[in-house]
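The two complexes that follow have chain A in common; it is paired with chain B in the first and with chain C in the second.
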Partner chain A sequence: MGRLAAVLGQRLVQAVTVAVVVSLLSFALVQLLPGDQALLIAQRRYGDDRVTTAAAEAVRAELGLDRPLALQLAEWIGQTVSGDLGRSLLSGAPVWEEIRDQLGATLTLAGAALGLALLLGPVFGGLAGLRPGGLADRTGMAAAAAFRAVPSFVLGLVLMVGCTVLFGWLPVGDSSDGLSLLLPALTLGLGLAATSARIARDGVVATLRSPFFAFARLKGLSRTAAILRHVPRNAAVPLIAYLAVSFAFLIEGVVVVEQIFAWPGIGHALTHAIEGRDVPMIQATALTLSLFLVLLNALTDLALLLVDPRRRG
Partner chain B sequence: MTPRDLFCTIAMLLGATTALAQEPLRVVTPFEIASLEPSRGGFNFTRMEVAETLVGADDEGRAVPGLSTAWTLSDDRLTWRFTLRARAKFHDDTPVTAEIVAQCLERARSQPGPLKDAPLTEIRAVAPDVVEIATSTPFMPLPAFLAESSSQILAPSSYDETGAVRRIIGSGPYRITSLEPPLRFEVERFEGWTGGAKPAIERAIYQAVGRKETRALMAESGQADLAFTLDPAGTDRLRRAAGVAVTTKSIPRVITLKLNAHLPAFADVRVRRAVSLALDREGIASAILRSPEAAATQFFPPTMVGWHVPGLAPLRHDPAEARRLLAEAGWAPDAQGQLVKDGKPLHATLRSYAVRPELPVVAAAIQAAERDIGIDLDIAMMNSSDIPAGHRDGTLEMGLIARNFSLVPDPIGTMLADFGPHGGDWGAMGWASPQLTETLQALQETDAAQTRAALRGRVSEILQTELPVIPVAWYELRVAASKRLDGVSIDPFELSYRISRMRWAD
Partner chain C sequence: MRRASAFIEDKRSRGVWLGGALVALVVLTALVGPVVVTADPNRQDLLHVLAAPSREALLGTDHLGRSVLARLVHAARLSLSLGAMAVATAALPGIGLGLATAFAGGWTDRLLTSLADAILAVPGLILVLLIAALSPGAFWPLFLGLSLTQWVEWFRMTRAASRSALASPAVEAARLLGFSPWHILRRHVFPDLLPLFGTLGAFGLGSAVLALGALGFIGFGLRPPTPEWGLMMVEMLPYWNEAPLALLMPPVCLLTLILGLQILARR
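Now for the complex of A and B:
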């Protein structure tokens, strides 16, 4: 219990520190980006054809972009502390509404990718690890290396040509159709499954070669019983840590996949916000994502405490 | 009833329901729903025929009835009266009144957009179905300005208490049933529309898909019935696909080279002509744009009827003549073949942007062509907003842009913005022609067809002779349509996707 409280306390302090640092950093970085913020916002609002210096001046006056930076930052912090993340400079909609919808879409996609990775990686990795150097091991690891090496935009287009154009199995670009989640989730999940298969395989091999596994066999357990009893739990420890980190990367790294499959997620939205210098949107997204990562780390700690009794001591 | 009978009954009912419900038309474009504000993302809703403007435009840019069925102009040419369509109503079943229309237009006038720049003095309702618009000077292109999407008419229930648009309650033949910005919305036929025959397409889905490859694959797999803005390479593959018809239409968008005539080199018309003569437009159009017809022989494409002058001597590719003109202007090659005058090399930075994927490739082709005659260009790929920014601070030397002359169906608005006495963010820089200014001013004020035709021709001639901005290629809009659709046509002014004119072939 004491260890649990310590973990949670540590993560709470981390959350506050991260919130402050991320807010300041994202604000500073946006200001350091080249280009006139008012012109970029005008371009995003009215389109390439209508962006003019007159439109930019109107935007500058409307949003008060010529006010001192310190004042703009102070206003944003004041608003945020009071629970108001402001409005998007581009769409005019409340930032929280946009983030809520987009984060939900990204979490759905990342969760589905993670689910696929969990379904494929540990199973194939575990099977490969049971016979190191065998046919399943060599084939599986070669496939894992290939899936890991292919960039997601190539894999995404190949899957789309195969599953959508040639065979017509799966839809794309229709976020209201549950099936359209499968292709982007596969694109993300296959790469993740490849690495998790490798980690699971190494975990299984290490457990099979461990003294406690040998002892279990010596005390009379059959190989199957010893594997079932000792391998999953021991191989899971590095896998949980890896998948937690991967989930974080998934959420941050779905930009390309969201673009290819027209998935309305946060990566896609963040790209547009950065291009259009939508400061409230960038700050709030960065803040939400970093706090989410802190939460994810806390959950990982808790999961590891649950799985690995050595950490409770 | 036995279980078997029950099963058969349910199956029959399900079958009947499926047969009755017509499948939706799926429209895929690269344009996201960035905002519901008419001046920002409003074009999505007019193109999908959810919201209407007072006036529309035919394929030649002539004003045609929209929410207004007729209009008149006073004898002094300063007051317009627009009569609203009888029994027109919004999708919430409230009537469209002149009062509401006037409020919407006033709102449009207060936001960045074409109406803001028009010389309007007053907009008011003079009868329940008549809106009066007064101008300070005769302004003939007003109907065309009213066809632009930021002038769309929305019901009062579209706005929240702060005046921001929260829903799109229009008066068009389709109404929104589901809105999921930034990528998607669904519409269904509005049975209360009084603007014409009942559309055959009952439901449609609008989906923004940023990647051109994805749009092409969706069209090829049948998951998009209409896919807009395809790239040349993608359409080659689509043309071989069964079930898809690819249509290409020239639109009033021109790839141009914007030159800073404040710079001594580009202030000389001979140098500007040399820059133009160095360009192998046919090569660029064939190899990069995959359409030899896209090579610009003059400023305006043939689709801009009246502005395109068939008899005008075409822009040529003649590097030898370019070298002669440069020599005449005092530019001589140094030992490395680079042109120099008064010890200064003929060098410029060509800014462009990659939002339009063909521009970087065209920029590279231009760089090679100009190097061939001794002009040294560096290419800087930037954001499109760096073009007006560079115009404003004077740092832009050369810009490669894709200029849209159909922001309003009559390009006079864009021409005035680009070629006024002080140039324009996307037009001339450091160059002005009193003759052109006068011609454009006269065009604004005259409504005599013959005079207008002559004035438009004059504008084209001046631009062809002076080349303050050098046309490179005319744009083509590529659309893939399912062969299951009948009645597909492309609006060159991109005001509408015209889904109300389509029907399922089967």
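Now for the complex of A and C:
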């Protein structure tokens, strides 16, 4: 139990540091952005052709952008600490309301991609690892190496063009049905699956070569029984540890893939907010994505404790 | 089992050649390409758009009649120089600080380590995206963002590896014998670190090139008409049917480079 508390405490500290870093960065960023903030917001709100100096001044007064920078920063820190991320500068709605639905869409996409990776990776990796140097190993690992080298946006492009050629239409743009989830999830998941196949394969090979596996065979267990008893848990440890590293790629991938497939998630909201210089939205989306990463890492820590009794000590 | 391990070792030495060859191919393209291919990558020729390969444009032309080959080789030069610069500017402070903190320890070590942890916890591409938003389409913010995200990796790895090297009996003996820290660094720590630097360099170059392409593709990197692989892909996407070669070549170049770097980094 002591171990558990230590792990969670560490992640909590990390979450706070990340929140501070991202928040300060997004505030500094928006102050450094070239151009007049109020005028740009007015442009986004009323359209390029209908914006006037008066409208910009109204925006400036409304959002308090005419006050000293230190005052803005102080007020903004106070709000952030109390959990109030403010309202979107563009739509005027509270940021959390804007983000809630998008977070759902992102979770669906990330979950589908991760599920795909955890389904394909261990299956192909395990098959390859059972006979190292065999045909399955060589073809499987060559394919994994190829897929690892394909960046998500190239894979997305290939899938888009491939679908258009094969079916004559693209199942994208609507997040409500499962079909449109397929392409973005594949784009995001195949790379992850390739790497986890590699890790699973090495884990299986290492377990098969271990002294305890040899002992289990000597004890009289059949190969199948020994494999079923020892391999999954032992091969899962490096796989889970690796997943913790790959989550950063997953989050980055979410931003790119959502933009490519117009998937209405957090990543899409982030890029949209950067375009519109919507400070509260930039901050909230960057914060959500970063904290999501910390949360995923905390979950992997827990999963490792669960799978590997040696870590509980 | 012996057979399997022999196979793996064999594959590794073959892998170095393969990886090196793939990377060398792209590097050579970037170095020599713009000299050999004299066509201006930005010269439009609206009478010959989406043309098939010809003597003037060996890989055909894009939707504005620009030579695809010329754009490809200039994009290769751009990607590689941005990547190399990002890696170099990330590696120098990363290695320096990593070595210094491994030697000195104390509160600077704790401070830098927790700063590195915080930066590492923010997804790199988001950091780059935030910094790149400073001046959309400009080269320097992209470079700055990439370099800022990458030095952390160099710092952490250098620190960890040199700490374990410094803890070795050989270093203890050298210290007791009164050798200078510089001598210890050169003779005992650096040789241990070199393979690590190779891996980090290949990995960093690959991720910088990928980030540039990804940001270009989603419209947050460099701006048209810059010849850049990610941008070329998104520009040619609507014409996949008319000019498949123009759409196909940028990802092929990118994949060649990334695959080669990955093979080299894994070794």
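Keep in mind that, in the parts below, the second predicted complex is superposed on the first by the 264 of 313 C-alpha atoms of A that agree within 3 Å, B and C clash if a C-alpha of one lies under 4 Å from a C-alpha of the other, contacts with A are read in each partner's own complex, and residues count from 1 in each chain.
The definition used in the following text is that a contact is a pair of C-beta atoms (placed from the backbone, for glycine too) under 8 Å apart; a residue touches a chain by one contact, two chains touch by 3 or more.
Bear in mind that the values here come from a model prediction, so they are computed numbers and not experimental data.
Of the two partner chains, chain B is the only one touched by A:40; chain C is not. Within the superposed three-chain model, A:164 lies in touch with chain B and with chain C [touch as defined at top]. When the two structures are aligned on the shared chain, A:53 is found in touch with chain B, with no touch to chain C. In the superposed model, A:259 makes contact with both chain B and chain C. Once chain A of one complex is fitted onto chain A of the other, the partner contacts of A:154 are limited to chain C, with no touch recorded for chain B. Touch criterion not met for A:142: it reaches neither chain B nor chain C. Looking at the shared chain after the overlay, A:293 reaches chain C, while chain B stays out of its contact range. In the superposition on chain A, contact of A:71 is made with neither chain B nor chain C. Touch criterion met: A:248 reaches chain C, while chain B stays clear of it.
On chain A, the surface touched by chain B in one complex and the surface touched by chain C in the other have residues 157, 160-161, 164, 259-260 in common. Every residue of chain C that touches chain A in the complex is listed here, in rising order: 1, 3-4, 7-8, 114, 117-119, 121-127, 129-131, 133-135, 210, 213-214, 217-220, 230, 233, 237, 240, 247, 251, 254-255, 258-259, 262-263.
Touching chain A in their complex are the following residues of chain B: 28, 32, 34-37, 39-40, 112-113, 164, 178, 180-184, 205, 207-211, 213-214, 217-218, 220-224, 353, 355, 383-386, 388-389, 391-392, 402-404, 407, 417, 424-426. Those residues of chain A lying in contact with chain C across their complex are 14, 17-18, 20-22, 25-26, 29, 32-34, 132-133, 145-146, 148-154, 157-158, 160-161, 164, 205, 209, 248, 251-252, 255-256, 259-260, 270-271, 274, 282, 286, 289-290, 293-294, 297.
Within the complex formed with chain B, the residues of chain A that make contact are 35-36, 39-40, 42-46, 48-56, 58, 90-93, 157, 160-161, 164-165, 168, 171-176, 259-262, 264, 268-269, 272, 275.
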